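My structure is below; once you've seen it, I'll send some questions.
Just so it is clear, A, B, C and D label the chains in written order, and each chain counts residues from 1 on its own.
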Amino acid sequence: MSDPKIEGYEFKPGFSGMAADTASDQTMFKGVHWGKAMMWIFLLSDTFIFSCFLISYMKGRGSTPVEWPNPSEVFGLHVFGVDVPLLLIAIMTFVLITSSGTMALAVKYGYEKNRKMCGWLILATAIGGLTFVGMQAFEWSKLIHEGVRPWENPFGAPQFGSFFFMITGFHGTHVSIGVIFLFIYAYKTFAGHYDEQKRGWFTSIRGDYVEIEILGLYWHFVDLVWVFIFAFFYLW
Amino acid sequence: MSEDFKDSKAIQAQSSETISSGAGSSSPDLDYVRPAEVGDQDLYHGHSFITKWVFCQDAKVIGVQYFCLATFTGIIGLILSWLMRLQLGYPEAAGFMTAEHYYQFVTMHGMIMVVYFLTALFLGGFGNYLIPLMVGARDMVFPYLNMVSFWMFFVAVGVLLASFFVPGGPTGSGWTLYPPQAILEGTPGSGMGIILMCVSLILFVAGFTMGGLNYLITVLQARTRGMTLMRMPLTVWGIFTATVLAMLAFPALLVGSLMMMLDKLLGTSFFMPTILKAGEVLEYGGGSPILFQHLFWFFGHPEVYIVALPAFGIISDLISVHSRKNIFGYRMMVWAIVIIGALSFFVWAHHMYVSGMNPWFGFFFATTTLIIAVPTAMKVYNWILTLWRGNIRMNTVMLWCLGFIVTFVNGGITGIFLGNVSVDVPLSDTYFVIAHFHMVMGIAPLMVIMGAVYHWFPLVTGKFLSEKLGKWHFWLTFLGAYSIYFPMHYLGFIGVPRRYFEMYDSPYMTSAVGMNEFISTAAFIVGAAQFILIYNIIKSLKIGKAAGKNPWQANSLEWLTPTVPPEHGNWGDRLPVVHRWAYDYSVPGAKEDFITQTTPPSEVTDSKVEKT
Amino acid sequence: MHAGIIFFLVILGSVLFHIFTPWYWTDIASNWGSMDDTITLTFWIGGGVFVAVCLFMVYCVFKFSYKEGRKAEYKPEDKKLERILTWATTLGVAALLAPGLIVWNQYVNVPKNALEIDVMAWQWGWQYRLPGEDGKLGTTKIVNINDNNPFGINLEDSNGKDDVMIQSDVINLKNNRPVKILLRSVDVLHNWYVPQFRAKMDAVPGVVTYYWFEPNKVGKYEVLCAEYCGVGHYAMRGGVIVQSEQDYENWLQGQQTFSELIVKQKKIELNETKLVKK
Amino acid sequence: MDETNKKEQTTTHKIGIYLWIWGLLFVLSFFSYMVDWYQFQGLLRWSLILIFMFLKAGLIMAFFMHLFWERYALVNVLLWPMTAIACFIFLMVAEFKYTLFTRLFYFFVGG
């Protein structure tokens, strides 16, 4: 967020600020909560995981002489007698973006210590995520029904199925973990754990609304990854 | 629960102080350090045996746990290497060993030593113990996560060792686990063995990520007052940069393992092209084995530096302390560590010059690889220039340092052979490679580990290790290891390929039988010599000389705790305040030949300190 | 003191070992003498640095061993010295890199007149295929491989008909004629490596890799597999016979082409069916 | 862990900015869907996909994840490692082209 005030330390903007922050004592990321910094670094590491997946996908798709199925057709839906390309994926994208928006607002209200609003928004995010996972399950079952398997694919290169299930599966796992935590955090918000700084169940860390932002970072990251998967897997 | 946190209030008082602890000094301005940004960390203090020693959240205990478990797996790796050398040197005595066994031992030895021994020991062991102490933190920033990290590592080791007992035994695909052979019949342990290996690696990566986040955030966000990045001891820099590499490189290993597991279990074809096996075409097709190699080495090369950089850092500190001289060119050393770390992500395919990848990559990777040689060479120069005009204590620690310099320079130079693309062609996949990487990332880091053990043992236990035993240990290890790996390069020149179970019928190989016997004998001695250390530790714990505070007259914070060995929370009531870098040794004008990091400038006004 | 002496002896021993070693590379039998030259160059520069650094270290041990009351020099940095060392190292590294890249450039660019040889690797053995009179190898597919078509040549590819098939692990080469080794594998990674030729490359299933060399010494050589390929790796040998043009032609005459093989197989099959009918 | 920051309560951003970004994301997603709907092909398709993708990713990171308001120290730490990924991508493009070439040449085309 905007620069905090730190006693005895003058904030400089831009790159000179970066140099000053880096050269200063105690902290490099001024005013950034430990947990938030940790989540950022974790997301960086996770980015490398997804990058490796997508790079493998690129290499696999690029080097197979067998024809790659047209995703626009494979993922199309037949509704009301019309073939709509990528309809389900489009809806999934909108659902995930919606939940990302509610999460961003939840973070905002969390910092404003608006317990009710924050809790409801987290709950909405969780439900959005759940919807996404549900739709993904539907999509998987549809493809499996059509004969796509991790090891084979009636539409062309067998790698299509392999990469599809692996990458969306890994992303779906991220979403599911996120949903579980969103529900827990929604409960903790409503129960007022962040207002009264109640200690965490396992970690015994004092509760604080910054945890909402940390979870928010994770959730936005899941959305971010979907943006890339949507572009590279479904549109390309 | 509440009494577990009882100290926290007392400790918190310090965050409201604004002026440094140099009370009563003549000029407070000189000693001014700006106040703490963040309140004091409140720690969970365990009371029961379990919370204190088993599921412990104290980074120091976790460090020791990591150290012990890594050493345990390391001993298994050592025994495996004995068995391999027995086969290579005295095949008639190793009649019980089949080729399957041999390849399983090769694989497990490699994987254990690189990942489960060296990485875990340097980052998990030394990192956990030293980072909070050296940057002046009370503990790692997330002690609970840190504890889970160790227990994940524990499970990973368990899964790895379990693979010795499954049908088919552990995987025998070489530590690089190259598909297709890793998951096909014809390679030992291609069933359960390789699956357990992949599972174990994934667990290790997950566990390590938890620990790694802790190390990074502790260094970045939890330093004490006055501790800037450029005042940190190089040990912290080395471990920190290595952790950054680990966080960014392990994902590739995780992805590679996962995809290989899917190839094995679900029959996907990520890495599997069409394969004809025993006259039958398998149900794979279209995959690319080279993709795995890229993923593996995208992890594997940074992994080399994950092992090397902490060693670089630690050795710098040891040399500096024991030659009573500041490390020469500290800033250059820091930048060299950072540049080596950054470049290590752009050189991975120098392991793949003859792998059949796009041949034009050779130009790119040879260039980037040799660029890395420059900062590495600068580090070597700075180590020996630190010795120059020093006041060198020739104790066991220093011997290990000197041994490190010899073996590291030797291994570094042979690295230039292998990194330079066309020089690599005749030498790759021969014993030259084995000799090279054992010298540079086996023996050299081992020298550092040993030096570090002798150096920090008084801190951890309050007792000195026996110098006499230490010298025996050093000379047997150094001379033995050098005589294993130095002649081994020449086996590579002859052209003896690696991973050969036996090849005594080849015409030029017969000339090297004697050498193999010699190497094996040396290997047995070196391995046995390591038990001197274990004996030394046990003996010194019982009847060792008491060390007292700061026995080496070092400057860095870990020696300046109120109690030795440091307690949970490290610093008692009050966090230390840092006024200078960790290398103010033999400053002209100072009374003693060291000025600790916490000494305020007003106390040493006479000394001519150049860098702070 | 003793430590310094022992370290000195280790350095001295290393140098002496290198000078007097009976174990050194085998006599070269191909055009890749330039690789040996780059190794030698690296040896001189690298070995020089190794000896210099270690001797400097030993000198420091002798000269600056601990003396009570002596104070070490205090000099955090020496910009000039560091700059000189950086540039000197950079120069040295560049001097090593440049010839390496030049040789690699030769290695990846195959001369026009090179004879192509298809080396097919499997667990655990080799077999070879030469282009016939058209000078072109036929395309292959692993799924085509059977007893009648041991190389999996595509039957519709006319280039493959006259390919010479050598179902043996020994291949004959013409002296002083560059060969382009095309490597393929039907199962796992392998590497066709003759120490005397210096060159090597992995055989990777699913793709075809290549390298080239020019044998220049008549003789018989052992082929080793240099990439780990399962339990039989150490026993996966082959052979190369480098011979004069005349001997080579004689040998080549005795080999079978793919179409001959098919004809022969058909005859056998016909005979078999006749036998069955009888 | 209890970081009783002496800094003042962080000021939050106006709700308008979130709604704006939210709306933009919907619009961009709709556009990228339209790329498929109208079946643009070739270079146009790729560049449109990439532009929309990076715009969306940038908006999420900059505003939803607050990177726009973070200090450069954090932003740079997060973005520089991407050069390693970029290098990996770049080289793997060269690699898959080479693999595909040898496969087509030696297994299909010949000559």
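A few comments on the model shown:
Operating definition for what follows: a residue touches a chain if its C-beta (ideal position, glycine included) is under 8 Å from a C-beta of that chain, and two chains touch if they have at least 3 such contacts.
If you're wondering where the values come from, they're calculated on a predicted model, not measured in any experiment.
Contact with both subunit A and subunit B is made by D.
Across A-D and B-C, it is B-C that has more C-beta pairs touching. Centre to centre, using the average C-alpha position, subunit A and subunit D are separated by 13 Å.
Averaged C-alpha coordinates put the centre of subunit B at 33 Å from the centre of subunit C.
Averaged Cα coordinates give subunit C a centre that lies 42 Å from the centre of subunit D.
Taking each chain's centre as the mean of its C-alpha atoms, subunit A lies 48 Å from subunit C. Looking at subunit A, residues 6-7, 22, 28-32, 34-35, 37, 44, 48, 51, 59, 63-65, 203, 205-206 sit in touch with two or more other chains. For subunit C, the set of residues touching two or more other chains reads 141, 206-207, 209. Contact of a single residue of subunit B with at least two other chains is seen at positions 37-38, 42, 141-142, 248, 286-288, 290, 294, 298, 360. On subunit A, the positions that touch subunit D within their shared complex are 1-7, 11, 14-15, 17-18, 21-22, 28-35, 37, 40, 44, 47-48, 51, 55, 58-59, 61-65, 72, 85-86, 90, 93-94, 97, 100-101, 103-105, 108, 111-112, 197, 203, 205-206, 208, 213, 216-217, 220-221, 223-224, 227-228, 230-231, 234-236. Residues of subunit A touching subunit B in their complex: 6-9, 22-32, 34-35, 37-38, 41-42, 44-46, 48-49, 51-53, 56, 59-60, 63-66, 150-151, 157-159, 161-163, 166, 199, 202-206. Subunit D contributes residues 99, 102-103, 105-111 to its touches with subunit C in the complex. Here subunit C touches subunit D in the complex through residues 136-141, 154, 157, 159-160, 182, 184, 206-209, going by the rule given at the top. Subunit D meets subunit B in the complex at residues 1-6, 81, 84, 87-88, 91-92, 94-95, 97-99.
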